[in-house]
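One structure, pasted below without further comment.
So that you can tell them apart, the chains are marked A, B, C and D in the order they are listed, and the count of residues begins at 1 in each.
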Amino acid sequence: MNQNIGVVVFPGSNCEKDAMEALADLGATPLLLWHADSDLQGVDAVVIPGGFAHGDYLRPGAIARFSPAMEAIIDFAHNGGPVLGICNGFQVLTEAGLLPGALQKNAGLKFLCKEVELQVESTNSVLTNMTSKGQTLRIPINHFEGNFTCTDETLIELQSQDQIILTYRENPNGSMANIAGICNTTRNVVGLMPHPERACHTLLGSTDGRILLESFIQGAHAAV
Amino acid sequence: MDDQLHRSLGLTDDELAKIIEILGRDPNHLELAMYSVMWSEHCSYKSSRIHLKRLPTEGKNVLVGPGENAGVIDVGDGIAIALRIESHNHPSYIEPYQGAATGVGGIIRDIFTMGARPIAIMDPLRFGPLEDARSRWVAEGVVSGISGYGNSVGVPNVGGEIVFDETYKGNPLVNVLCVGILPKERLVLGQASGIGNLAVLLGSTTGRDGIGGVSVLASAGFGDEEEDAEKRPSVQVGDPFEEKRLIEACLELLDEGLVVGIQDLGGAGLACAASETASRGGVGMDFNVSAVPQRESGMQPFEIMTSESQERMLAIVEPENLEQVFAICNKWEIRSSVVGKVTPSGALRIVDDFDGEVLGEVPAASLHEDAPLYERPISEPDDMDTAITDQATTLSGPEKIEDDLFDLLMSPQWATSQYDSQLFLNTVVGPGSNAAVLRLKHPTSGEDTGRGMALTTDGNHRWCAINPRIGSAMTVAESVLNLACVGAVPQALVNCLNFGNPENPVVMWQLSEAVDGMAEACNAFDLPVVGGNVSLYNESQGTNIDPTPIVGVIGLINDLSKAPPGLTWNDGDRIILLGPEANGLNGSAWAFMKGHRRGSLDPIDFDLHKRVCALTRDLVTKELVTGLHDISTGGLGVSAAEMAINSGVGCTLARTPDHIAFFSESPSRVILAVNPELLTEVEQLAAEYDVPHERIGLAHGEIFTVKNLLTVPVKDLQEKWDNRLSDALDGGTTQG
Amino acid sequence: MVYDACVEVKLREGIADPQGSTIEKATDNLGFAGITNVRVGKCIRFQVEAGDEEEAKNIVSELCDRFLTNPVIEEAVIEIQVVG
Amino acid sequence: MVYDACVEVKLREGIADPQGSTIEKATDNLGFAGITNVRVGKCIRFQVEAGDEEEAKNIVSELCDRFLTNPVIEEAVIEIQVVG
């Protein structure tokens, strides 16, 4: 199984090499996609990595969503292509309207870098289909704006359509309903604030991110 | 010419005379402004240079020693590492967030100027006491500034220090160390060579921010509020997104071989970058001020040349590569403009258009090489003799020793959890342990070498206040021991010398002594000094800070297939204390807490220290210990408490007779947690290395017990440890 | 013509405001009594060139919809004035 | 009495505003021509209890000086109104 996975780079991205390292380690073939380029080079799946896409002074993802690459990714997603947004990537996906809700500043107004415990809420998504419901995953978070917020109606929809895929065991940032990650209704677009790529190597403390990225690589395979 | 102008720019009459001698005429305003910033303390090291010469700088792995933007060492496998530390003390007192943020930005530029990708920063910090409102406000702003800039620019923060003490109340210390990695063959130096080459200014526009910043802010202490208000225009605002693109653009330019030299713009702005690149290359430069993109209208040439606007670089480019340089800059959305031409003359000529009026002309090298060199008067403090008789061991012991222990516990997590410490997937040991440990991956291929690098920063004003020479030596020794605790062999040292007003002979004595102590230790440990920074005038209202030399030391770990043991023990482990007997309380955190800030220090036994380090490294490499911790701030008491808190397992310590043994910080000591089955092997090894060792207790249960001294639940220790900073800082802070 | 524009971007009613609540808590701790309902928004000021005020308004309001606000949680209040 | 307070915190003139310039560049890229001099500030709205308007003003201005702004780089514009 040798999936080509595109990793999008904006000028202020900084986790793209980390995502590529983890994906390659799991047997996929990652390649960089430059934000100003609308050609997705026939990749089987797309990862939008962490960082600060365009500095994100106004709002994370506010500028990124207009990039040529994002326009192509929106089409790709609408055609069922697997898309994963990690941290800043999650923020970009909500700004682009591929995922509902928004990510606000953390309650407590501090940047937070630490390992947290996640609980799998739904295994029905391109990111979680190899996990089991209720499973605990130890994965680091690293963000200032990870506080998931939406209207009450949206939250009810997310819940009734099983779109909440990962929650925090102990809410670090004020997210509604402890939300750490969600998927779209067709379950091929997922976003999460924690960084699975930082939990793929024994030397880095946890390997619980592997199962998520493996699921995603599998999903890319299924989608082809 | 207005004969007071040079004084208002901070130049002495003698310095003016020297300028006139160099030029053979009176300088004009622009020229005078350039000399004033370049000859400021911050840029010219005029008070410290003669002392710094005494530091050892040679080593077989040293590729670039002090004097360049950063030191560079060869770490094998075709990999080189650049490192440097710098202070941003004064700006951080005035505007903590931006002061600290721009400090991070500045040191990162020093690193990628060498062609290295910045991969880690560390932030040794010093603030006034937590009880002081303004100090809390400064601490909170500084930490969020470091967090805001560092995280966004994408360089992980892997360690540092955070210390609160009365001495920093009017003058905090914000030092930042940065480490970068590069393929050895790509090393570049900041020089312009090749007549006809072009100087291209990259990055931000130039504004009036920070005009005269180095001379105004870093070369004078603080006075009253009104004076501070006048320094306001010098405050700069950082733009980490610009810096991030600048890093990527510059590294791509270097990868493509499109620049012959590159130089960051820091203190003294364009005046410094233009003259430095020219004089290093033994050439001159015509510098066109009107080609500099300006943020504000009506800027004078002297303002343009001395502005310290952030996030700018000067690249030296061969004309035929210019188009490609522009293309890469456009890709990264970086402004780029040709502002200079390399000439054979040796002169830095400031022109208004390349064929327009000459606004100023000085020998480029004179701005650095002819900078004044002062051998300032030195004198020992008057009370040296009486201080020695004032021993902290004569203080009465604590009523309830557990309360004193509680007061010495402080987790840095409030700060460190605000920093991205994991980016690049290198961080095996992050903030909060003996030393940071990173995987060593090849900078271009990303291939893991299986080896590791270890980093530590240390400083101890308490020791240095008592005896700057021994204190500095002990500081270096502590760093070396910290590295040994993670199994690393030290390779190189950088330092930041934070001292008071150099015009005070006692301060100069402190500086001179500290340099000697550092040199002695570096020689003893075979550790080359590859760079550093001197920050003087750390004083407020006439009071100088305690001398605070900070060192950063990098080490290498040969086999990093497993994470080194940390501050932890298992239930049932035996607790061993390595090293000499505890000796006194002078300069300890406990003594300072009791208001005792004097006394004497015994010289460190370098031979013994080296044996302790070698043994410790061996124990770690051979996987003979569950966990370990060097004994430093707070003594055995705090080190053992930290192990208990970290592991959630208590202990019984049997052989700790009194508060002196419990809180003494005498050097060369390590606490080990050893599985009983390995005990004999550990003790044999200790005997082989001829290192004193003693079984002092047992790890077990949930209670922290020291026989005949104290009994407290580990969870109480944990609570004090966790909450100290958040209790003080999370409720909001004001400027006081 | 050049117009001064001021856009206040605020969180929609009912959307929790972490900045506001942090400030409110801090004012209590710091001894500023009686401060309630703190809400924090952004204030973006700029100049815009347009044929007339109507056009200026349209440009700014499109800018708000597409870029300056995230309509999921924010709304904008726009003020326009001829540069005087 | 309860007063509505609105504090606009802006960067002082001459202080660089990277947020503003980033937004300005983005408006160009998005095809909004003629937008210049973008400066970004904060707008903090809250209610404050005080005996009279004078007192309300004093409380808010002390809050600004000590807590909401750093006068070295920022200035505050304060508006106070009786809750109507």
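Quick notes on this structure:
The criterion applied here is as follows: a contact is a pair of C-beta atoms (placed from the backbone, for glycine too) under 8 Å apart; a residue touches a chain by one contact, two chains touch by 3 or more.
Here the structure is a predicted model, which means the values were calculated and not measured.
Chains that touch both subunit A and subunit B are the following: C, D. Note on interfaces B-D and A-D: more C-beta pairs are in contact across B-D. Centroids built from CA atoms put subunit D at 10 Å from subunit C.
Separation between the centroids of subunit A and subunit D, computed from CA atoms only, is 35 Å.
Computed from the mean C-alpha positions, the centre of subunit A lies at a distance of 29 Å from the centre of subunit C. Across the assembly, subunit C contributes residues 22-23, 26-27, 30, 42, 67-68 that each touch 2 or more other chains. Subunit B has residues 239, 241-242, 333, 732, 734 in contact with two or more other chains.
The set of subunit A residues touching two or more other chains comprises 54-55, 57-58, 62-63, 108. If the chains shown are joined wherever they touch, the resulting network links each chain directly to all the rest. Of all the residues in subunit A, the ones that touch subunit C in their complex are 58-59, 62-63, 94-95, 100-102, 104-109, 147, 149-152, 174. Considering their complex, residues 8, 10, 20, 23-24, 26-27, 30, 32-50, 59, 62-63, 66-68 of subunit C touch subunit D.
Interface residues of subunit A, counted against subunit D in their complex, comprise 54-55, 57-58, 62-63, 66. By the touch criterion stated above, subunit D contacts subunit A in their complex at residues 18-19, 22-23, 26, 29-30, 40. Interface residues of subunit B facing subunit A in the complex, by the touch rule stated above, are 144, 147-148, 151-152, 154, 239-242, 244-245, 248, 331-333, 416-425, 427-428, 439, 446, 560, 562-563, 730.
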